[in-house]
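Lettered A, B, C, D and E in written order, each chain numbered from 1.
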């Protein structure tokens, strides 16, 4: 049956990528070894695929294709009978290719192409169910916000080209790493715009939760492997170019701090599992950016990998639940522990990783992020100590909140009085299980920081305990914080003001264009017509009048002549 | 004799002729106005001729020609006016053009 | 001093005049009233005059030669095309040809005159017969009315001109161009007096040319006159007065040209604008052409205004093309009038489809007048006429001309669109037309071919005119 | 102030007065007759300006023929009772202004140009001298003029025929 | 060779006009396609490489007294324009291969394309101008007779409006040409260097009407929306390029010194046009009007690029023009076939859910839209990117703060462009399908035409090298005189 064909293609792709990438999995550092294209004015742009992988890029590529493959397999069952399955699957493959292009090249133009093609793909996939208004709206919102951010990247590339005389990332970084970094503030801020939009950080965060109308596998793909991951990757990748601009780093830190906290809080109060997970993604990504701003990109990317694994797990699991109860609303779930054991176990692992409980990978990577933040809090990071400290404590708070909502979701979804239900088909379970395994497997070889291990575990356990206590007392975990449920109205500008302003401006322009700009032509035309009519009137066939006009003309002419000469 | 006498006279007559052309209702009388203008011109020509003592009498010759031309014009003009009268039963300059 | 009587120049004119008389006599003594019959002598006379002109090629000034050639050719065109009118038994052919030719003689004399007296007499010889021609159609109220309008207006303008001449005579003591020029150069007259005299003198020519505000007789006269007479007025008599204007200003006032130039430039600008605006709302082909001829006069005047600085060629070349296109248009309209009885746009609708031999030349002529491809020659002459204006530094005038090109296209295009439009109702089927109409059509096609040839090789024109 | 000048002024006043009368009189025939006087006076001025021949021509052509023609024309085109003061159109005030402006303008011009010049009056324009001039120097114009007259004649004939056959 | 390439379509066009009643529309269109294909091949072959100043030069005497010569040739600037024009003309003819086409229309299309080719390949000012005018009256007839069948009055008015606007422009252009040529004594574009500032202003004004630059653009939306499909394609794809090409050749290259003084205004007008038209698009309901306005925006980018007067700017201008030709061609073909089916181009009337009703048509439209909003990897992107880069680098003529402000507004314009295209897609392509009896998916002919364009767009987008390479590389000596305003 044909729908497996696309999974087959994806598998082939995955294998090829694996063969290409695995040799590059070395020890983790950003090394710089590339011929510097020296030349004052950069060359005309071209799209030569200068493939090159750093160890971390290799990891991300592998994650991408891995999750992508799993998603394809999952989709065969989840969406296999959809009339438009073909375009859906093909777009997924294009999506993966784009992500590979972003990660696997040093040619900034190729990177840009991949970057924006991803935006297009997510637009198409989120809008896959374009019959529904929410899907249309979510898709449009995602596309617009990310595209506006992408323009930042375009300009950033232009500035890089002008600064380093090349559009080759390695070349640029080579110069930069030799202490020759210039315009780092400009470049940094522009890159910041790009990644903030792509990875849904404050203030461009609201498109990610609104993208939930998209099919759940797509959500998993976007959140774990492709779209948002690209943002973090780019920020880490271009770190050398803006490292020595404190302004940029502080800005990044501030954004990260705000985002991680509000993301976690919003996740805490959601009544919809998918949306809650989406917000948790936002806040987790913020954690990674915090690490980068603290001068430790590796920590950030590590957490990216880990998060990719367990967030994909969680979303796919959520898909299984939806497949059973037919909705992603928490109210519809509950007590599925018995009915769907496999899903239960794997998602438990996922939530544990999210909460940062050992021995899941989430525990290790989050700890190294916290470690990095602590460093900068002590002032030996790239950030000013004050900012570092604030960021550090915010991060701790976030860890707590994260653990709380993880526990909450887990409890609401699976406990309470048992419900009827059945496991999802095998094609859907398999990826979930595999990811659950991965969530453990990836923790092999992760650095272990004892102190933070204890601290964070303590926080997590405490949080879980609180939730469990509340649950056992009140029997329900509905949090009534209207302000948070309204998500602080942060979205109002995008939903109300900007569209309204644009619409009004557009109306104005149309009116002016019709009645104002055209004035000269219309005026001329009507003037000509009027004069013409007037001439007809003067043309009374009365010769005496003619003679009068003639005489007047003669006098005028003579007077003019006399004055003139 | 001062040259200005005939010149001023010519100017005045020319003005009167203009008035005649522009004011008279009867076509023939408009024509007479033109004649008056031509005569004014003749006065000028003759006066200048006499003043310049032109051997080849440019002025006076032209005067003669003007008189002849005037005759021709009058002839043609009267013919047109008569035809006009026969055609539209009036030579009232306001009515000639008015009704089509 | 002595007035040089240049019989050499007078030669062709004399022949034409003789032809006129012969035409009259032939018609009188063989009163079969066939157009062909009385058309032949005039044709012969014109051809002979042309031959004579070429024989004199070396002893007449280039400009005069070219102008006379244009005049003779134009008259010939009209005379031959006039055969189309033989259905009008209300038009006496003999007198028609006589008047036509005598006024042509006047035209030729006008451009070859070198003293104001001759100029004036020639001007009369040009106008009086053409007035008679306008009123020629018997028992036609409109015709006689337009004749009356034309007559009075032109008589008044003559009187004004004469006043100017008399003053000029008083100032300079002579009426011979060269003499005037010399006298003015060392006369101590106040400039104001001189300018009054000169301007009054020029009025008569401007009137014939149809410059604003002396244009008002034109629409009435053209609409009332027999259509080919209108063609004659719009081409030959305009050409003659233009030539006279050029020579008079050129020789008599050459040294102080710029003063008059600027004034003429203003007149030209006003004229072309008024003419185009007047044409905008016309729905009768003849009316449209009448107003457009006013506009074209404006373009010609623009060329004249700068001719003092840059010579006559621009004016002559523009004039030649204008005359050709205009005559083609009028001849074609004459055919239409003969076959359909009206030249209103509704009557012309779809002419180019139903009767290509007439309609397509008509469209071509309109495009030439508009100066628009495919009639490349029109565009080239527009270029030719704008160039000296720009070179003379009168850029404002050039811009006005540009705007007027647009205005002109507005109605020429409407006309062309009407010609090519799908004819509504029953499409007109022309019965096999009589021989005379065939002749006229032949002339039209010939003229159109001329336009095409010139469009293909503009050199033909631009090389051979001075 | 010689006798000639006085006489000239008399003629001038006469000419202007009768011209005004001619251009304003209600009776068409009267105005024609007034015009005769004007033209005669102008002929007198010609004589005083030593242009005898021109003067005679003036008397013959104008007074003799043209005016007669005019009067006939007036007779033939007698309107069925036109109302009083119907002989001037509504245009008259404009006309008056323009006439004044013209006269004034021309007067100013000639004053500016020819102030203080005098006609000596010892260069008589006799028939002989004039004829000499015409047939030596202006003969071309003269010939052309004959054609003009012929053309005008023919034109007049045709036109008048044009009106008749309707 | 060039003369052949020109005379084939011209001749055939005239023949078709003459024998419009004897041949069938299909045959006429087939012949036309053949002719355009032939001249396309010829123009492709005539290229002798960038090192040759003028490829396939033809130079014979024409009007000696004026110094005008029949001087034709292909330069590294005009070549892309020529190929693009030939391709569009060919596709238009292919589009017309149907029973119901009138042979006269094919003839006019041929003549229009041929005269555009003539403009691009003429190196003599007067010849240039003649070709420039030659296309106008046929286009008038195309719009006024074959235009929007539901609005005879409107299409006539639009046609006349278009003609009068452009003629005013070209008349000013004529004055400018005269002004340039008369002191110089020659009409040969490549020889002339420098003229009065006023002349340059007139020339730029003339082309600004054609391009069009705000505020001289108001003729364009009406004309495009009333014209028949092929008419719109030729208008947007070819006619606007006459303007940009003229700005490059007669403005920036022929009169560098003077153009340098005008350039800032041109750039500003262009960028204002970008934002202005984007906003106008956002409020449009008529699909064809929307595309027309979007053309104004793209031409704004081209104008910005030209006015930097740098090599990058030149590349940007050429690339932008060519890309816009293909993309807008595709968009107009798509919207035209929508209009053919449903009899209207109003998005409200078209109704939602074209994805479901006519999938391939919808896909074609969305593809065109995505290309037009400048997605990297498609043709539309590089033109805009390069002109941004040119403005960011600040050529010799623009001031740094000015240029960077312009860049900022241009970027804003791109964002708005995305917004209105997303809106359009949302309004007609997506949504609950409301079937219409007119719903038919692409037939073979339409599919062929559109897929050719799509392939071209992707090709240009993935491999911009060959085209931009014309204006780059070691052996490329700059395309402008060095200017110091």
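Basically, contacts are C-beta pairs under 8 Å (C-beta built on N, C-alpha and C of every residue); 3 or more make two chains touch, one makes a residue touch a chain.
Bear in mind that the values here come from a model prediction, so they are computed numbers and not experimental data.
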State which chains count as neighbours of chain D and simultaneously of chain E. A, C
Pair joined by the larger number of C-beta contacts - B-D, A-E: B-D
Average the CA atoms of each chain to get its centre, and name the chain whose centre is farthest from that of chain A. D
Would you kindly tell me how far, in whole Å, the mean C-alpha position of chain C lies from that of chain A? 78
Using CA atom averages as chain centres, what separation in Å is found between chain B and chain C? 27
Just curious, how far off is chain D from chain A if you go by their C-alpha centres, in Å? 101
Gap in Å, rounded to a whole number, between the CA centres of chain D and chain C: 32
Among the residues of chain A, pick out those that touch two or more other chains and give their numbers. 541, 543-544, 547-548, 551-552, 558
Quick check on chain B: which residues sit in contact with 2+ other chains? 7, 10, 14, 17-18, 21-22, 27, 30-31, 47, 49, 51, 55-56, 58, 61, 65, 69, 72-73, 76, 80-81, 83-84, 87, 93-94, 96-97, 100
What kind of graph do the touching chains make: line, ring, star, complete, other? other
Which pairs of chains touch each other in this structure? A-B, A-C, A-D, A-E, B-C, B-D, C-D, C-E
Listed in rising order, the residues of chain C that touch chain D in the complex are 2-3, 5, 7, 10, 17, 20-21, 24, 90, 92, 95, 98-99, 102-103, 105-106, 109, 117-118, 121-122, 124-125, 128-129, 131-132, 135-140, 143-144, 147, 163, 167, 170-171, 189-190, 192-193, 196-197
For a test of understanding, state which residues of chain D touch chain C in their complex under the given definition. 105-106, 109-110, 112-114, 136-141, 144-145, 147-148, 150-152, 154-159, 161-163, 165-166
Where on chain B is chain C touching in the complex? 7, 10, 14, 17, 21, 27, 30-31, 34, 37-38, 40-41, 44-45, 47-49, 51-52, 54-56, 58-59, 61-62, 65-66, 69, 72-73, 76-77, 80-81, 83-84, 87-88, 96-97, 100
Which part of chain A faces chain D closely enough to touch in the complex? 544-545, 548, 551-552, 555, 558
Of all residues in chain E, which touch chain A in the complex? 161, 165, 214-215, 217-219, 276, 279-284, 312, 315, 353, 355, 370, 375-377, 382, 385-386, 388-389, 392-393, 407, 411, 414-416, 418-419, 422-423, 426, 429-433, 462-465, 468-469, 471-472
